[in-house]
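Notes follow the structure.
Each chain carries a letter (A, B, C and D) given by its place in the written order, and its residues are counted from 1.
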Amino acid sequence: MAIEGKDEQAREPRIRLGMVGGGAGAFIGAVHRMAARLDDQFDLVAGALSSTPEKAIASGRDLGLDPSRTYGSYKEMAIREARLKDGIEAVSIVTPNHVHYEAAKEFLKRGIHVICDKPLTSNLADAKKMKKAADESGALFILTHNYTGYPMVRQAREMVANGELGKIRVVQVEYPQDWLTEAVEQTGAKQAVWRTDPAQSGAGGSTGDIGTHAYNLAAFVTGLTLESLAADLDSFVEGRRLDDNAHVMLRYEGGAKGMLWCSQVAPGHENGLKIRVYGTKGGIEWVQADPNYLWFTPFGEPKRLITRNGAGSGAAAGRVSRIPSGHPEGYLEAFATIYTEAARAINAVRQGVAVDKAVIYPTVDDGVKGVAFVEACVASSKKNGAWVKL
Amino acid sequence: MAIEGKDEQAREPRIRLGMVGGGAGAFIGAVHRMAARLDDQFDLVAGALSSTPEKAIASGRDLGLDPSRTYGSYKEMAIREARLKDGIEAVSIVTPNHVHYEAAKEFLKRGIHVICDKPLTSNLADAKKMKKAADESGALFILTHNYTGYPMVRQAREMVANGELGKIRVVQVEYPQDWLTEAVEQTGAKQAVWRTDPAQSGAGGSTGDIGTHAYNLAAFVTGLTLESLAADLDSFVEGRRLDDNAHVMLRYEGGAKGMLWCSQVAPGHENGLKIRVYGTKGGIEWVQADPNYLWFTPFGEPKRLITRNGAGSGAAAGRVSRIPSGHPEGYLEAFATIYTEAARAINAVRQGVAVDKAVIYPTVDDGVKGVAFVEACVASSKKNGAWVKL
Amino acid sequence: MAIEGKDEQAREPRIRLGMVGGGAGAFIGAVHRMAARLDDQFDLVAGALSSTPEKAIASGRDLGLDPSRTYGSYKEMAIREARLKDGIEAVSIVTPNHVHYEAAKEFLKRGIHVICDKPLTSNLADAKKMKKAADESGALFILTHNYTGYPMVRQAREMVANGELGKIRVVQVEYPQDWLTEAVEQTGAKQAVWRTDPAQSGAGGSTGDIGTHAYNLAAFVTGLTLESLAADLDSFVEGRRLDDNAHVMLRYEGGAKGMLWCSQVAPGHENGLKIRVYGTKGGIEWVQADPNYLWFTPFGEPKRLITRNGAGSGAAAGRVSRIPSGHPEGYLEAFATIYTEAARAINAVRQGVAVDKAVIYPTVDDGVKGVAFVEACVASSKKNGAWVKL
Amino acid sequence: MAIEGKDEQAREPRIRLGMVGGGAGAFIGAVHRMAARLDDQFDLVAGALSSTPEKAIASGRDLGLDPSRTYGSYKEMAIREARLKDGIEAVSIVTPNHVHYEAAKEFLKRGIHVICDKPLTSNLADAKKMKKAADESGALFILTHNYTGYPMVRQAREMVANGELGKIRVVQVEYPQDWLTEAVEQTGAKQAVWRTDPAQSGAGGSTGDIGTHAYNLAAFVTGLTLESLAADLDSFVEGRRLDDNAHVMLRYEGGAKGMLWCSQVAPGHENGLKIRVYGTKGGIEWVQADPNYLWFTPFGEPKRLITRNGAGSGAAAGRVSRIPSGHPEGYLEAFATIYTEAARAINAVRQGVAVDKAVIYPTVDDGVKGVAFVEACVASSKKNGAWVKL
């Protein structure tokens, strides 16, 4: 192995974690559990894993949960766990979007930290209620915009913040996929059905599912605030009820401009999240499918390939990186970083100290902005692409 | 060498060619001359190479032209050559944009074929006059939208036309550069000065210089007609008089949608022309800097790398390809293909036969559309990005 | 998320795991622990983490181990744990190479399964003793040739086995690094010191540390048996006691030929493990730094990019893959797969049933072959590159 | 266009050129003619284009040659042209290898410059005779090792010479193809037939056809002299009379080591010439299929992508480059550079001045070394891979 290792952080007792949703067959639940395990900061001890009781019980058993802590509803779990001496300290909410708010508020009001999948909610009204609930709670609220956990995304953000790109002029961000090129939701495929159902997903289809990721990533990397947008949304597949392709022009405060494309009907793209940022002094490019690389061109110099933990990779990337350069980290590691950052914050709360400034995780505010972004896209598109303020 | 060669086409007498513009220091003039030479279909025999007489004479001498056919003005050249028994049969016009029309009409009205650099003219009024002049002339008009000469662009066009992508839904096209990131026009650099001068270039900066290429390429590959566009143009560099970055949303007839980005202020991009097209059955991607590759994903199958003259490369690419797969052709070869297609058409005219249907070159109509595209971008941007019909 | 998820496998009680080596500052110990955690099949409950007692205790505390199960030596751990009712069922050995055999035999003879880092031992005599100890034990022996856990390596192996490449003719494998370009071992860097010390590493430097990986990967993918080799080894850095660059020509049984290059002095390479295999019907290419891709060219057809869990990716890759295509898995996931395959085998032993044939992990036999490869390289090089039989 | 152009070099009268071989259907003849035309330094005025008289005549007519200068044999051409007042000043020899010497000597002894395709001859005896003939002649001898004409190969050579890589330790060079994966020579394909025929090609198959290119490229870039080699050659295709795959270990004077692989049976490779060079201070990588890029890693810094004429690209590349960065040049341009360098040298001879030191072209000495390389490979392989001195 090429370089000196760094060991796990000094041991705090693991954080007791519950989970809402994520029963058998749910992709994202398994991802959250692997993410919570990787850095050994959490113990999953309770769950309300499905709204179908038998499935909830079976899923709890599969995960090795104590049957007495496998609950039939999130509300029951919140009430009971809050009374236990060693009840859960945090809960992961991995249900479809429309359940997020109702579930989260039960935990927030009992002081249990919430780790919530994105988008925050299925509509802006709920998002604002969520923010209120989070603000009024003593608990932390962590939104798993997982792509912000990639080391080279942190590197990009650090470089922008340090002025290595100069003043930002142009942002190009895109998230194309191809899995909804045909009408798979009409075949009953679970992941497709809820994502194309306005009742479960909200007003945005591709905009809500992946456009929010693109929007959030651009904000995270550049630190820019979106001022307004003009959007042209389509549902190319006949019978589809939500957008499956979106073209969006962006205007940021301070004069930077951008374009955002998200699509679920672009053959050849699996999860093609990509961001490019250009400033007066340089440009960068990062692609999610090849996440250990960051391309950086200082204006007038050759393009450079910065690798995770390699030469040119700085502190922000290093602190969320586990292994040496040249050995790739992936999606699960980035997701785990969100959990580990959450653990650092929760441990600080446990100890009554301030959270270290280096700790970064997406918050309820990011979530509100994401839902507002989706609703602005829909509103603009309905007004024939007129500019809509955020 | 890997495969059987194909020899030059059977010999017709070389076409006698003149050139307007392209004196010493002019990048594009040298390119046109190399392009005209490569396939040995033209003899450069006359020139009005500069509007500065001494420079015109010196440039003619450098190129080995007969001094008696080195002219001080394009008008003089047109008049005199038209009277010669062995006068020029075709002329290349490689001046700044605003001169194109005035120069071309002198040759067109005398039946001399015109090969004209793009964009067609610096404004739509001139473009329409150019079309009228071309239509009224018995001569051919070839616009050097050179990227259409790349074999894999021909391949892409053929695949779309053959239905291999199904019905087209989404077009993503971009042409970023970085050479105007700083205010180089204020240093007097010749190439930068005229390209940022409305009097010489017209209303569009990046839109005219490179946006037209992107627009033309999308039209060429997809065969789609642009119905309307919404544009957001910027001049990021202080004091710059024309746009140096443009974000454009596209609506094609028949329902396809697109995005177009062109920029001269994107550090890390040299000539980053790239097109991606997505249909109901597949997607393709082509990048000008790596022109011998075409990525093709039939929906539901692995991505394939089609190489020029390699497996999967068809007749349309093969007929404009000179060497075996694995040996790269480049920009000059693509440019030469425009000249060679022009030669095929001119030879047909010489012989009084119809031009073979396989022969393709951009026409005055493409040029009018390109100038209309630029003016629509400028108009839309002035109306805060409102949709403008083409 | 693009596709239906698959959940964790049905729950068996976690396997109780101990660890030898891997105290603070040891890169590979932390990797083994993350790998053991990811799929939730193991509980780390005991450790002899360092040969320095204070460090062993501190490291155990950092990892949250019960102090009564933090041992000062592997022998003590083996004796004590074997007597416990809930003592460890398996042990991970992550020390420098020369300790592997002495440590492993203590556990093997007590029926405790051994998961051992590679190379198997620092010399062939020890390797053969290890094999004897493993064979005489009722316990399993798993060697963590972790690259065999990458899904697309499994895919490659499956394709070769299925005859998709036809009869194999040529193998090109390489593992270049650059971290020993300068004499870092003379600065005291721990990872460099033991890897360049014959007493700790054995007769091979780059050959032992990374050449064995390359050799093993070629054998794993192709299923071919190496018949003989001719090697030219160098220690380019002055004062270095072991090879830091090796050129090896390979002859496989059945007539296939190969080349192997490993280097620690190749600037620009972090962990550049790469394999290419060519047969009568096709060729493949895989690169460790971009592990979710497998390039496949059926002879006479376009090159195809097969992605993990994407189109064209088969059962062998799918069963060791956790997340949908387009979301990258990395080094830790591949390493975790070795652990999870080990868990599957251990669970079969627990239940007294045969191990499923689909379960694959490197064995002590692979380890013996690896050490024999290193010694053959050294022997050939000493004989001026004469062919040495394996 | 991104940068100021540079115009053609000031005009010397074009050099009168003849050609031996290269009639209809000959791939390489057409390449030589395009290469000679591109920079407008030559006029093709005579030819002995085929050993079949009718074909020679027809080919001359297709090329527009004066019938009186279309000859039935190279000897006739040499004799007659030497007597003409405006006879050819240089001749291109593009026949199969075994004809090179007999043809070239006829021109050399008459003081006509020779531009000869590689390899120099089909055996070392002829090669030495060729050198003698060239040395005794007042004429120049240019060998078209065309890959040395690529700008980024010149860049690589310049960087090595300038010490940017430090002392060279390791060279990895390869040239895989796949076009002889099956026994196409048995179908009568002309290019395959002569390349697999010892009488026409010499003792080497892949070693002669492409291995010489790889060997020459390594020498050109590094400036190193090969001291000895150990080779393992195969003819994988049944019935093939010459090697179609070669593995070669290299030892250079001064201690650098290398590996060379050439193959015609590696599915997925078209013309996969690639070179990597590693020194004490850095490493570089260049790939012929993507020739406008040079990867450079200064040890301890991020990898850099140097592009032709872009930032970091120096004088050696710039003087053989025609167009701005980002617009790719290809194989024909590199080949044309050999011709243009030849023209510069010939023009110096015309003027009785010394050739500018910046002018570089492969010579008869390079050719002798190339043939010696092939024969050493064959000799080593026959001696079971023993080291053979060059």
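Here, a contact is a pair of C-beta atoms (placed from the backbone, for glycine too) under 8 Å apart; a residue touches a chain by one contact, two chains touch by 3 or more.
By chain, with names taken from UniProt: A, B, C, D = Gfo/Idh/MocA family oxidoreductase.
Since we're looking at a predicted model, the values are computed, not measured.
K.L.:
If you take the mean of the Cα atoms for each chain, which one ends up farthest from chain B?
P.N.:
Chain centre farthest from chain B's centre: C.
K.L.:
Could you let me know which interface, A-C or B-C, is made of more C-beta pairs in contact?
P.N.:
Most contacts of the two pairs: A-C.
K.L.:
Using mean CA coordinates as chain centres, what's the gap between chain A and chain B in Å?
P.N.:
Their C-alpha centroids are separated by 44 Å.
K.L.:
From the mean C-alpha coordinate of chain A to that of chain C, what's the distance rounded to whole Å?
P.N.:
Centre-to-centre distance between chain A and chain C: 33 Å.
K.L.:
Just give me the whole-number Å value for how far the CA centre of chain B lies from that of chain C.
P.N.:
55
K.L.:
When you check chain D against every other chain, which residues touch at least two of them?
P.N.:
269, 296, 303, 307, 310
K.L.:
Would you mind writing out the residues of chain A in touch with chain B in their complex?
P.N.:
Residue positions touching the partner: 169-170, 172, 174, 178, 181-182, 230, 232, 234, 236, 245, 247, 249, 251, 257-259, 261, 263, 265-269, 276, 278-285, 295-299, 303, 384-385, 387.
K.L.:
Enumerate the contact residues on chain A facing chain D in the complex.
P.N.:
296, 300-307, 310-312
K.L.:
Which residues of chain B touch chain D in the complex?
P.N.:
1-8, 10-11, 13-14, 24-31, 33-34, 37-40, 59, 61-64, 177, 179, 189-191, 269-272, 288-292, 307, 310, 322-333
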